[in-house]
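Notes for the one structure printed next.
Letters are used for the chains, namely A, B, C, D, E and F, taken in the order the chains are written, and counting of residues starts over at 1 for each.
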Amino acid sequence: MKFAILVNEGPYQHQAADTAYLFTRSALEKGHSIDRIFFYHDGVNNSSSLTEPPQDDRNIVERWTKLADEHGVDLVVCVAAALRRGIKDDNLAKGFRISGLGQLIEAGIQADRLMVFGD
Amino acid sequence: MKFAILVNEGPYQHQAADTAYLFTRSALEKGHSIDRIFFYHDGVNNSSSLTEPPQDDRNIVERWTKLADEHGVDLVVCVAAALRRGIKDDNLAKGFRISGLGQLIEAGIQADRLMVFGD
Amino acid sequence: MSDEMMDEGGVVKKFMYVNRKAPHGTIYALESLEVVLIAAAFDQDVSLVFVDDGVYQLMKEQKTDGIEVKNFSPTYRALEMYDIEKLYVEKESLDARGLTTDDLLVPVEVMSAAEMADLMAQQDVVLSF
Amino acid sequence: MSDEMMDEGGVVKKFMYVNRKAPHGTIYALESLEVVLIAAAFDQDVSLVFVDDGVYQLMKEQKTDGIEVKNFSPTYRALEMYDIEKLYVEKESLDARGLTTDDLLVPVEVMSAAEMADLMAQQDVVLSF
Amino acid sequence: MLHTVNKSPFERNALKSCLEHARDGDVVLLIEDGVIGALDNTEFTAMVKAKMGTVKICALAPDLEARGVSSKALAGIELVDFGGFVDLAAENGPVQAWL
Amino acid sequence: MLHTVNKSPFERNALKSCLEHARDGDVVLLIEDGVIGALDNTEFTAMVKAKMGTVKICALAPDLEARGVSSKALAGIELVDFGGFVDLAAENGPVQAWL
């Protein structure tokens, strides 16, 4: 089955990004496909290349990058939301791309299920 | 009277940063002093030099910078919270400085009132 | 060509936007509206529902000068021009807040929680923020 | 020099940390604890209160491997070493959740909402996250 | 003592919890989405009214205006602007934000 | 249809609102702080129990464990891991997140 994912909150402050990641990993392990993960609202902060969590904590941004790298998941950051919050090509982590909200609608059309994770 | 301010949420997503700013401006107009504004949790995102809100919207980061410039308000961003969320000297807006949580406690000790704005 | 379920080459899915939060305290109402406006270009079957504090998004006479944020409420009036015409407000949510449709800035269809539940179950995609 | 209200050259103020949110769903519990640990170095009069869902922060046997986040709950046990010994839990909050102090990982003082209100009113600084 | 509440009583338990801890003579200021707690004819109006005898309840007028609900504020609730917010904070320490 | 709820019923109205809209045969999955809604002997236990006859209520076990409340889950609530979450989503469309 084809899933698409929407992440509405930034890393660390809310569990949404963790739950979305663990759901995604499980879905891939079960043989489902995750076409796209769309980052909206503060969710765009998941793509900051500048985050540096403590050594003993998970690295949320790196986890996403690895997911894109190993499974070809399309990580899309909403451009309008990103501009408001200071995410640009300058500080965009590897594996993410910045694009428009149309990519969210498209994901909703193409996937069998759209899963929303937020606050 | 001496006020200190704590801001727990990032710009735009929550009204906290707006309310904190308007409170601060009013307090200064009334002749109170605002010794320090401390940015914690996602509040650290108020200091991103990369934000670019739409033309017809308020520029939250610039407003803080102007406040520091015109009134000498000390804008302190928590280093631990900032590292987690990708705020560093590289993308720190003018007028802000990155420091430790001790600055929050110190502000609480020195001010007559500590005001908290969050979600 | 007679099939309403097809547009030029594409599928038409039922998209529902669930608005449950008050405006201005958080950005969800505004950024939800931004998605809806983009969605309009995709010729999908779009419904907007206003439940719980979401009904406050549609209040008349919002004046945001005092808090120095954008007043986006007039945009709800423009939705019709984007062919977004299915706006549903839940009766129980209005009643709990002492509100009626006279308080709202756009014409809406009022439905019960049970009808709202049926409508939700018929969707392909439910977007909540 | 006999005055408890003074430390070396400084004032001692009453700082209260109000914890009203469950752990792990948001970062507030963890980052609140980080402030408390720093605050310990300032020799202020520190109280931690756990009200509403904040009482869940103190649950025994938190195991966070499954959600792959840090389990910071053992840190509450270390607070004593930082001379932070005033931990107050509200009775009404425990009761509403069917919890008792046996469920909690540190010794706490249980107080009623009315006593909690009195304690809050006596503070100089109230930090909530 | 000043208590601030910034969330709707329909969405969160902050106002309920605040009112359960407000003592006689305390002041409660409703701000941001919290101003929904200042409205008449809602399911929470009775809860707020019950406290109005002993606790002073205020609401931030700019937040009521922003939400188009100024005309629905409960009689007896004192409306303040940001300057009034500052005055309340200066006159009523300590300040607790019920987040 | 699958409903997800990620907030405590003590803090927010999401679970209440969700249960008021869940139809016979729907599935409700409690995740993150939402697992507090899965606990026995709380003020919200009765509300959840009342729906268990017609709606299947599940909770994400890793979130219960993280909060140290696994042993307090209400009997009759089905515990799932992340794989089970994926299965529920695959088997019960559409999915609505009550944020």
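Heads up, the rule we're going with is that a residue touches a chain if its C-beta (ideal position, glycine included) is under 8 Å from a C-beta of that chain, and two chains touch if they have at least 3 such contacts.
None of the values given here were measured: they were computed from a predicted structure.
J.: Give the fewest steps needed to get from subunit B to subunit C, where each step moves from one chain to a chain it touches.
T.: Shortest path length, in steps: 1.
J.: Which neighbours does subunit C have in common with subunit F?
T.: Expected: A, E.
J.: Between D-E and D-F, which chain pair is linked by more C-beta pairs in contact?
T.: Contact tally favours D-F.
J.: Taking mean CA positions as centres, which chain lies farthest from subunit F?
T.: B
J.: Compute the distance, rounded to whole Å, between the mean C-alpha positions of subunit A and subunit C.
T.: 25
J.: Using Cα averages as centroids, what's the distance between subunit E and subunit F in whole Å?
T.: One centre to the other, that is 32 Å.
J.: Can you compute the centre-to-centre distance for subunit C and subunit D, using the mean CA position of each chain? Integer Å is fine.
T.: Taking the mean C-alpha position of each chain, the two centres sit 41 Å apart.
J.: Could you please state the distance in Å, as a whole number, between where the Cα atoms of subunit B are centred and where those of subunit F are centred?
T.: Centres of subunit B and subunit F (C-alpha means) sit 38 Å apart.
J.: Which residue numbers or ranges of subunit F touch two or more of the other chains?
T.: 6, 10-11, 13, 32-33, 62, 81, 93-95, 97, 99
J.: At least two other chains touched by the same residue of subunit B: list those residues.
T.: Only 8, 12-13, 15, 19, 22, 41, 57, 80, 114, 116, 118-119 qualify.
J.: At which residue positions does subunit C touch at least two other chains?
T.: Correct list: 24-27, 52, 67, 69, 124-126, 128-129.
J.: Which pairs of chains touch each other?
T.: The set of touching chain pairs is A-B, A-C, A-D, A-F, B-C, B-D, B-E, C-E, C-F, D-E, D-F, E-F.
J.: Once bound in the complex, which stretches of subunit D touch subunit B?
T.: 10-11, 13, 15, 27-28, 31, 34-35, 38-39, 41-42, 44, 124-129
J.: Going by the contact rule at the top, pick out the subunit F residues touching subunit D in the complex.
T.: 6-8, 10-11, 32-34, 36, 39-43, 45, 61-63, 65-70, 72, 81
J.: Across the complex, what residues on subunit D touch subunit E?
T.: The contact residues of subunit D facing subunit E are 18, 20, 51-52, 92, 113, 116-118, 120-121, 123-126, 128-129.
J.: Hey, which residues of subunit F end up touching subunit C in the complex?
T.: Checking each residue of subunit F against subunit C gives 1, 13-14, 17, 20-23, 26, 93-99.
J.: Which part of subunit B faces subunit D closely enough to touch in the complex?
T.: It is residues 6, 8, 40-41, 80-81, 100-102, 104-106, 108-109, 114, 116, 118 of subunit B that touch subunit D.
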